[in-house]
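Just below sit the structures, each encoded as structure tokens.
One chain, subunit A, links the two complexes that follow: it is found with subunit B in the first and with subunit C in the second.
Here is the complex of A and B:
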């Protein structure tokens, strides 16, 4: 009799799958697809397309400001976004200055990624981006609100104390660098690009959106609320989450609105070619299949749980 | 140390930390606690050093002291001693730890709050002004050539400009839905008086459901982000670490 009472019904079994088993399946579902070379079809979202369109429209030799506030805590999404952004900027010879207003780790993380992309370019025999000449690390500005106001009102003064070593090793003010040649205020910057996993993008948008073209590359968590700023035109383009990374990589590979061959040159206005034959499909392409696999597992777990509840209730009623 | 060996050791420590921190999902344990404390210690140490090297030294200390001319290193710079005023002002904040003199800490906090509050009027308008303007969407189609907005692929710039300038019926429907959503959600937040009118209360209820749909979409996006973080950790362990070990073994 006792044996009969202890025997679990199917519904109860479904509801009592050990956590360890679920975690083990999750590990398999996220580790195995990483080794698979399957390309998922992609149609870039409008916001990602506009981001790419603006990045490809910036005249060569211009300067952009990159506010990099991400750290390794959001590496899964932000690293892919930052890699793609740097590849586009470097391939188009656009100068950039990186500043951080969020996490103290952010400046070092950004420097490491620039070095990594530079190594990638060196291996392919491409020109390396030189600090001082082509890019600057402006470091950490711990007060996002004050920094945003400072950049809006007087950018030169905000960066006045920052120094970098020039080609001869002499420490000089960053505003004297070729990166800031011809730049006096934020209005002279071609674009202000924010890569973040926090609300730091919103603090910058609130202070700068009417002074400079603003673009954002944010994590999936920040995506929905940042989309409001895109819909209202305060942001001219944005990439959100892993889908945003995959969108950028897809456009870097195949171009945007390119009807013929992706490497047709010159592109007509409205067509933005990609960079075929170069490293385009990276983190986003590698992770997107695994994301599908993990989401499928999540949906399966929800379905199994609901079936378990329904079966248990039926058993209770009978 | 050989760079390959260094990389392998560095990544192995990273793997141990990753696995250690994830073990808390199973249950609380000492391995997790150890790595949690390592992480907190490193983060606090890093933050302290970075605040000095990246911010205070350049923006305050060097600016205050100035720089002497050093051949090939520095062209020299005058010091601005007025920056010294910042130190006592900042130190006042630490009186928060004194029971007797904690009121003194309110002075720097008050200055910061005042500066912040003063910005808010302008910031509020710069934030929500464009959003309010963008909520006023056209609801009447300007063309019936096509139900939906045509794809841009293969169009000439003139055709693209024409497509962008027109409001297609599907866009008009989308705009009507957006306006209804804005009005219903705003109605939901009418808490100051009782909603007796049936139309208003129905709009409020609709607003609540629409908010739920919005929260659901946000939650879905959040779940995807959490998965992305896990996927990156799995990439770190199963690809980056394995590759480093393979290189080490040769």
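Here is the complex of A and C:
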């Protein structure tokens, strides 16, 4: 007896793409664009533009606190943000102290990146940032809430137990470092900048927002939640996700609101030059095409799945 | 405020003999308290723990509600009772923050202890998957050794020497081992684990994100618009269409339909208030839970 085979309808075919095929396409869609470093037209978000505006407005020689809570699990976004932040701070001779309140790995990751940016500067014959003189690693503070309260009310006492080697190699209290010269409380800090992939930014904002100018560089996942603090004015500027990295890099390349620059954000007052001729387009530029292909793939997957369902229903009804 | 050179208990100089004496006394008192607590009958433990919890919580409550001194100088002395309490609270805060940091750090130690106990037991008894326990223990011990070895070598170095030591040609065995294990393995695997999420997201987008209702359709459309606004190429394509339709004039109404404007409208009008409402809810819940814990109304956890 001849066996009748039911051929799959288009709807059923669309709904039965093997998982392996989907994953293979994802690998190709994300890996291939990584090899292409192209400059894609960009329209910086207002929050990224405000972040850049404030970073470029900090007086040279000032001190900022950088709360670095990211590790390599979010390096796709956080590494690019941290690189861009350090490049801006170093080019503008702004001193900084790095502390971490989240992951025990974070202080080492931050130190490694500072070393890498320093090597990049050395290769170009630029002055390297020296520990004790120009920057400090304050280490890990495991209790974010207590540390935030401590910094808000009595910063010098909160860091009183922290030590670093000075220019002669002798261990000294960090508050005696040139980085904290003239700094008695958190109000004397030019900005408190948080780089994170977690909610640690919120713990800091809730305790410090009325004491110091606060900026945040967060991952795309944390972007929507952090945006509420930007909308309320508690954060003065923020960069969210890979788009935020690319925003920063394009503004570093051609400035913000400068005549002739494609980066025009009318809502942000003032003109802020970039750093032409220097390493500006880095991780964000390298990954932005991958972001495009990944999002297109995601949209395509949702559309295909839904078309499949609609076609299957129609077939069932007929 | 009155100027004076005197300082209170909490403002003792870091590293001074007086502070060490206080630390020693505190440790002795704490040890005695813990010993006493262990010897105490179970029914008496609850009020003791409740009292400690209340006093600890009271500190932060007072810190929040008590008037804070403005522009206080290190040499200022309190002029009245309100300022005395305010000064005491603000001087105590960094010390208490340090104590809470140390207590939290103990959790790391507890985690290491727990891991070691579980995996050494599994190894000793040759339980299922004991070979993975070997990998974990060897990794943990070797990263600890190389980490401390590298750290010890850097002690006493001047910033210039540190700069030289970070150059790859000057790497020691300790630095090489630390870099291989931490940067080369741990960090790379960390990133690899996180990147697996992309596969789950794609699979879920294909199989689960269905437009079964009006609400789901609105959600999907909003998500697409916000995602498209992140893409420079899509934004450029859309902007060209808007410009062609009269958007070159900044005063034109059609400019409201630029992707960035639409996405901004969705985020500012729906997303931010929505998340804020959720956060208010969480905050009220946390306040209620915090009050229950502070007043020891939660019955579990103390025996």
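One rule holds in what follows: the second predicted complex is superposed on the first by the 301 of 318 C-alpha atoms of A that agree within 3 Å, B and C clash if a C-alpha of one lies under 4 Å from a C-alpha of the other, contacts with A are read in each partner's own complex, and residues count from 1 in each chain.
The rule is short, and it goes like this: a residue touches a chain if its C-beta (ideal position, glycine included) is under 8 Å from a C-beta of that chain, and two chains touch if they have at least 3 such contacts.
Nothing here was measured: the structure is a model prediction, and the numbers come from that model.
After superposition onto subunit A, the modelled positions of subunit B and subunit C overlap sterically. Touch criterion met: A:305 reaches subunit C, while subunit B stays clear of it.
Of the two partner chains placed around the shared chain by superposition, subunit B is the only one that A:77 touches, whereas subunit C remains out of contact. Of the two partner chains placed around the shared chain by superposition, neither subunit B nor subunit C is touched by A:176. In the superposed pair of complexes, A:10 makes contact with neither subunit B nor subunit C.
When both complexes are overlaid on chain A, the residue A:161 reaches subunit B and subunit C alike.
Of the two partner chains placed by the overlay, neither subunit B nor subunit C lies in contact with A:36. Shared-chain residue A:290: touches subunit B; no touch with subunit C.
Shared contact residues of subunit A, touching subunit B in one structure and subunit C in the other: 19, 23, 26, 30, 73-76, 104-105, 108, 141-142, 145-146, 149, 161, 168-169, 224-225, 228, 231, 241, 243, 291, 294-295, 298. In the complex of the two chains, the subunit A residues touching subunit B come out as 19-20, 23, 26-27, 30-31, 34-35, 73-77, 79, 104-105, 107-108, 139-142, 145-146, 149, 161-163, 168-172, 202, 205-207, 209-210, 219-221, 223-225, 228-229, 231-234, 240-243, 257, 259, 268-270, 286-287, 290-291, 294-295, 298.
Those residues of subunit C whose C-beta lies close enough to touch subunit A in the complex are 11, 14, 60, 63, 68, 90-91, 93-98, 100-101, 103-105, 107-108, 155-163, 166-167, 182-183, 186-188, 190-191, 193-195, 198-199, 201-203, 205-207, 209-211, 220, 224, 227-228, 230-233, 235-236, 239, 260, 264, 267-268, 271-272, 275-276, 279. For subunit B in complex with subunit A, the touching residues are 25-26, 43, 46-47, 50-51, 54-55, 58-59, 62-63, 72-75, 115-116, 119, 123, 126-127, 130-131, 133-134, 152-157, 160, 214, 217-218, 221-225, 227-235, 237-239.
Of all residues in subunit A, those touching subunit C in their complex are 17, 19, 22-23, 26, 30, 40-43, 45-46, 71-76, 104-105, 108-109, 112, 115, 118-119, 128, 130-133, 141-143, 145-147, 149-150, 153-154, 157-158, 160-161, 165-169, 173, 224-225, 227-228, 231, 241, 243, 246, 288, 291-292, 294-299, 301-302, 304-306, 309.
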